[in-house]
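Next, two complexes with chain A in common: one pairs it with chain B, the other with chain C.
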Partner chain A sequence: MGETVGKSVKRVDAFDKVTGRARYTDDICDKNALVARILHSTVANGTVKHIDVSEAEKIEGVVKIVTCFDVPQHKFPTAGHPWSTDVHHQDVADRLLLTSRVRFYGDDVAAVVAENEVAAAQAVRAIKVEYEEYPIVLDAVEAMKDGAPQLHKEYPNNILNHTSIYKGDYREAIKEEGLIKVEGWYDTPTVQHCHIENHICFAEMEAGRIVVTSSTQIPHIVRRVVGQALGIPWGKVRVIKPYIGGGFGNKQDALYEPLCAYLCTQVGGRRVKLDVSREETFVSNRVRHAIRTHIISWVRPDGTFAARKMECFSNQGAYASHGHGVAAKGMGAFPQLYPCDHVECDAYSVFTNKPVAGAMRGYGIPQAMFAGEAHIEDVAKALNMDSLAFRRKNMMPVGYVDGFSKNENYFDSLNQCIDKGMAYIDYERKLEEYAKDTGPVRRGVGMAIFWYNTAVWPISLESSSCRMVLNQDGSIQLQMGETEIGQGADTAFAQMAAETLGIRVEDVHVVSSQDTDVTPFGLGAYASRQTYVGGFAIKQTALIMKERILKYAYEMARMAPYEMDIVDGKIIRRNDGRVLLTLAELAEEAFYSLTHSEHITAESTYQIKTNAYSFGCSFAEVEVDIPLCKVKLLNIVNVHDCGRLINPALAEAQVHGGMSMAIGYGLSEQLLFDEKTGKPLNNNLLDYKLSTMMDHPDLGVGFVENYEPTSAYGTKALGEPPACPGAPAIRNAILNATGVGIDRAPITPHVLFEAFKEAGLI
Partner chain B sequence: MHEVQYKLVRCTINGRAVEKMIDVRASLTDMLRNDYSLNSVKKGCEVGECGACNVLIDGECFNSCIYLAIWADGKNIRTLEGLLGPNGELSDIQQAFVDEAAVQCGFCTPGFIMTAVEILESGKEYTRDELRKLLSGHLCRCTGYENILNAVEKTMKKRLGKA
Partner chain C sequence: MYDIKALYEAKSVAHASELLLQHPEAKIIAGGSDVLIQMREGKLAGATLVSIYGLDELRGITMEEDGTIRIGSLTSFSHITKNPIIQQHVNVLGEAVDMVGGPQIRNIGTIGGNTCNGVTSADSGSTLVAYDAIVELTGAEGKRLVPIREFYIKAGKVDLRPGEIETAILIKKESYEGYKGHYIKYAMRNAMDIATCGCSANVKLSEDKKTILDARLAYGVAGPVPMRAPSAEAAAKGKPVSEETVNAFAKAALADINPRTSWRATKEFRLHLAEELARRALKEAIRQSGGDM
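Our next item is the complex of A and B:
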């Protein structure tokens, strides 16, 4: 034991990925597939009155045109959540394959299937659509007002959902004498995932069923949604997920798989490919919720909280997608990260005529941490107190237990992470030294902490299934419903399986691709869940497998199974460590024995009923050129406690990616819309300012490894947490550099210009 | 009804002289993927923004998505598939991407490696900041670029005998 987990073994898919052999959806689609293209709405709110396809149909190569008036009217949900058998807990079913009631600029109105891309594109342009236009609303707070344009008649004032967390008596508590009130409004932008592979899928019919191959994070969930959308039994759908070029939550929704499957049925089951352009990906897939957050803190001069209030207004866009979950998760962090006896929290998810917001790395926490950690800095400033000291005094203490998730703060992770981050960036010295800066170019350091959970229990089902199959040479195949989306899941799974089975990691062959016909049921990549939940299924299955192997070994070695073990691929006698036989010898015998032939396999499902806190922080150092209103990020470090590291090198790499996303979130990224029409203005990678290599300093990463006691291998969430604390750390560094607290992200020169002007700095 | 026009494109791809009739509207990305099954050439934007389709044309990097296939006539084209040694061994820069954990989803990887090849073949020594600039035509959402930069820098230093 202990041979594999914790080692920086090389990725199991690295060779194929550096040689171009790794096959992604488009690589396995036959080049003669029919091509589908979507006609998107060019109004942000309205009804399609008439569609004229006569010109489009004349274009050579056009096979089929389907409009919103042709499609089945089964409303379906798209969120990549486990299905709930409780009707009240099911995702909102508000989508149609194509719609005549368009609710955002980019909604799906019609689709063309053609023999080639050119014909498909020409036909889309030749379709004439007549709309009845309605007024639009783009801002969540505006959309809640009486008289605002209504998107869905079932949701008055456009409120998809409103939930609250009330504790103590806020109204009474604020009457305490001598309290200082600190209030702020904090805005985060609409951003997009920008995985480099756009969403793509293709569908074909085989043996009377629809086979969909898709760039998705959630193949088993997509199977269910395609079945729901087409109104066919779920077993009639087979979904295959090959390697995918990133997902980050966008592909944690059923995107165009249902439409593609439907189009396939409309052309006699022929193979249809639906490859979405970058411009469409920005607008017609999913985005991250822009959230406006209002926080009031009532603090005592000694630096303790008397009462706190938080309201957040989450811009859901045109359809429910992940529903209220994102705003609710963000709100949930508020009373936990800085516990206070008297709290009022309200979260609203509000429909607007913007692109649909869904899951994106962090699921509400990047927004909540920007608001919450900006506000904490503002409170400390108001108290004239060191913000770190203020945090340490008020943040979640060791031993804290959340009543709902039952998560317990077992360790002093936050303080340990803060200490490490401070040392890395030389925080105290720089804070003091930079405070003396008075010139036009000033430096500052700032930080933020974050709160995170692991996986989704108890809000939803958590389960994971695993299959292990022995080969003739003693190696195994490992199959998981949980998906490799770039994060390195397959490698972590191989390490964990090797560890418990007692074999070398190179003898674990991970079947990377999921196929709902053959892969055990799993929910997929989201909620930073896979290493945690997959770990249980792997450990449980490996123990079953091992038991079966040792039972067979009894027949060959005449030792009791419990007196034997598997170490480094060999069956050993526990008492003296003697090697009795190799696993390869055993496997060969088991396959081909004339007396007892058996294919040794194991398969099991583990239902997870725990969750785990994952904590950490970010420290940033900036240089602000006040006259130019420009921020240069000089240094940044993230420190995480995600429990025991399964693979330190891959963990560090994953943190780099999240930090990069957080830097963009803080400084440059935002999807912009024309206020009058709702038309997206920068839905391409040139105008949407995704960070390039030149926009980053070197990224520092640190870990605190407190073994998570609820976890099969001591690990917990790391997928999303790195994206959570960076933006507020940068915001607070700018505040410390200039004295100006910016309450909106991204902090672009345009924003700084207005703020510096107002502060009299320029 | 329009006539689809084809033109003979003769070129060298990964050391092999080839020729095929190609649709004059096709991009070099289309030709390499569809006619030669060189799947390392990835499509991320198809308008020259992301760098995933980057290949070497006569030793110089181009986004093949905005380079017409017919322009490749007479050119020497190299893709990631051409980097493997005769016995299937990885080149130093590919190995560095593996060793430095510079690969995650892998979609931007081929393009990055081909730009790295251009940088390395220049035989010049660049500072880390210069490397950042030279590699900035590629977008990546997984890695934060850190390990990619490390892989390129380390391989450059090794080749120059400075590591």
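Our next item is the complex of A and C:
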């Protein structure tokens, strides 16, 4: 139909962003705002007995000091989930604005509001806090044991939640004769999102309401949480989201917006800015769950599964945040990716005295794929079978339907992606050739597939709203509750709107900023949902808009609306394609007609009750310098079937970003803690080894475009999937290069040193 | 916004000395890539600073009449790497400082700062130690020359007296003439990192390239300050160019060093690296000298 979807049109925000004209939260905040700083706990488990602010109050420029003993005691949830009207499905409300019962090193104890940053920092250093310290527990499995330190009295043995998926009869099935048992424990690390713009927000009062401007992925959700935290009606809160410098799930939580809003009310409604440092971002925002996974596979010599078991222990950190959703999603992938008749799965989310784990790109799937795809490689090795052949034999077949989500595997996406990835990396030839390497420096290739889905239906609400407003020149404004967070959503939205409306993409002006007072309700950027979910609302609204335009066109062209169409910004007669008038001419008339003046607009909400699988794979090629215990990544490619590509160039960029995160996840990134005190050791960008451009080879990207039949524009998830398969592909390449299978990420030189010693390689 | 109590800008080396004597509590700031970070972390919050960054006479690299290479203390890493005198005579130093941080840090960071902060992981440190560099210090009473090995006192502490600033680093002709060297920075990633172990080796071969006339080896992060490995050097000096010599050299180095276990790396891993890096660095230095390795 249209000419826009499927084209690599320029990002609608490209020029503003590369010239520095785009305004982010700190750019908008005027420079005489008061500055807030948080005092974080220096013990990982304990109670604040006493706080002495007398010295801090004397510092020139200090306006107000608020401690954990001063704040309202409304417990609130922080997860960026849609609110549930079912009380049993609501997020756990376990946070206070500031707390006297500290549960991790970095918990929020007090806050200073000052005239400037220097005074605020000096005051934070001058506050004296006396703690009663309790023993700590940092490991999820240890925390579940009887006698371990207890974090929340409502959750015995620190278990926030435990859910299971049982199918068939595992215990009976493993009795089959001739089965080979393959068992492994796989560990993934605590990592942080490391978006370039730290979390920042500012709040001020206006006409008796609180206006919060925040670097968030979820403005409408933040409005609700601020209301809950302060115990005020949600309509008394207005949240504005300008351009943001990345989020990757960290900003899919209410972070410090509630505290900032509260502090503003404590200084007479003056504007208060809370700009979080990188060191605080690492510790006192959110992290990705470290998950320990135990997998047992019972396989027949012919390479089929008889029974499988998996248990995963997810390190939740000190508070519930997104709760069990992350571990549950990871577990959910297990019985689907390699279906087997007899399966037992158990997932536990466990509180520990570590930073709070929340959403991070992939939501449990990077962990599950590291464990699952490392294990699949180990099973194939145990069977002495080619691991790709083993995967092809066992992975989800075409026609598979998941009973819960009703997702159907419509296409042979996995095989198609594998074929493309193999060809790109010349997999078979290299696998054979590198098997001959015996020297100190050896090469290897490896791969992993992944499972993903799109958005959160049927676990939670999926709904999107859209507004279109016609301008005098025939262009439109497009407003969505779904947010641009650097991923290119605004451009995809503009392309879809232009396509259905029949206008040029340049004539769609996306209102990038969300303002809960004027933007239609939407849930925000998460769950790789926006292009899929927003697409429905855009298409529905564009069709309403078009109907209204053509109805007005009838008055001018005297043709029946159903005999007309809009193509390239012009109203045409369907029968012969004749241009009857331009949309600009129509708009001008509609605005200023002395007989029938009408501002043509459209707005609608679409509730989505479908979901869609999004599959693919990664192939990696490594060179391992055994004496130096170092891995050089020579080559890596991701291949995705995310349905029809709305914008191929942006899709490729999206994949590049995810691959970069996967490289760091596999090889270098890990937040470290002192075992005795729980103090973070490397919460800065020097000591936390985010992989750099110099650690990346050229990133290869391939797509398989099977039109997604449930989608308004044939598309499905691509936001998070790119981060999922890279780390296990690298792990398997190292295994193929050296014969050493490393069962934990990241595979650092320290890990390889121990493993190579054990294997007698050094 | 930085928490600076006062900032004094020196107009000359003599003025810098004066300011430092007037404000004994002051920290010297040059490029600021260490001082500003510590200030932001709170360690140096509220400090008084004496800036020597404007002293252009401390920038640049020259060859003195006797063949001594003089590197002004404010010379940035990127200028050292691109300097023809360095490239011709001590290319390894240019390569080593090209591994500091990232391009922006290499443009602002100075070799004077890199040595005066007394850090064992400094990328210039092991190569300067390996080349017997001399530190020129200037104070109210004039100039003082200190061999760099003596300049480093302990972790974070160098032999800088009240009122003194480092004005140059000197490498004598006999220290570099006929030598070729190689530096290996072992770190956890390929940019923006500090060394887990730094290893700088250089050799002087006989005319027929068969014998090692002299070999020098220095490490960063193998002890509290950059250090030489005399046992390794003795094991190679006068020996034929061979695998055996290289292996003996690398093994002997372990007797000279004392790395520690920290959360960044275990002692055992650092010792393993030290041996392997010494082997590789010496081999490469021999290759560059025309030896067959």
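Brief remarks on what is shown
Definition applied: the second predicted complex is superposed on the first by the 762 of 762 C-alpha atoms of A that agree within 3 Å, B and C clash if a C-alpha of one lies under 4 Å from a C-alpha of the other, contacts with A are read in each partner's own complex, and residues count from 1 in each chain.
Here is the rule we use: a contact is a pair of C-beta atoms (placed from the backbone, for glycine too) under 8 Å apart; a residue touches a chain by one contact, two chains touch by 3 or more.
A quick note: this is a predicted structure, and the numbers were derived from the prediction, not measured.
Chain A is touched at more residues by one of its partners, and among chain B and chain C that partner is B. In the superposed pair of complexes, A:Ser660 makes contact with chain B only, with no contact to chain C. In the superposition on chain A, A:Val118 makes contact with both chain B and chain C.
Contacts of A:Asp698 after superposition on the shared chain: chain B is touched, whereas chain C is not.
When the shared chain is aligned, chain C comes close enough to touch A:Thr748, but chain B does not. By the touch criterion defined above, A:Leu628 reaches chain C but does not reach chain B.
When the two structures are aligned on the shared chain, A:Asp13 is found in touch with chain B, with no touch to chain C. By the document's definition of touching, of the two partners only chain C reaches A:Ser668; chain B does not. Once the two complexes are laid over each other on the shared chain, residue contacts for A:Gly399 go to neither chain B nor chain C. Judged by the touch definition given at the top, the superposed model places A:Lys689 against chain C, while chain B stays out of reach.
Chain A residues in contact with chain B (one complex) as well as with chain C (other complex) are 118, 685-686, 692-694. Taken together, the chain A residues at the contact with chain C in this complex read 116-118, 121-122, 125, 627-629, 668, 672, 674, 681-682, 685-687, 689, 691-695, 748-750, 753, 762.
Taken in their complex, chain B has these residues touching chain A: 1-2, 25, 33-34, 38-40, 42-47, 49-50, 52, 79-81, 83-84, 90, 94-95, 97-99, 101-110, 113, 132-133, 135-149. On the chain C side of its complex with chain A, the touching residues are 1-3, 42, 45-46, 186, 188-194, 196, 263-266, 268-269, 272-273, 276. Every residue of chain A that touches chain B in the complex is listed here, in rising order: 8, 10-11, 13-20, 22-24, 26-27, 31, 60, 118, 193-198, 243-246, 248, 275, 277-278, 485-488, 649-650, 652-654, 656-661, 684-686, 690, 692-694, 696, 698-699.
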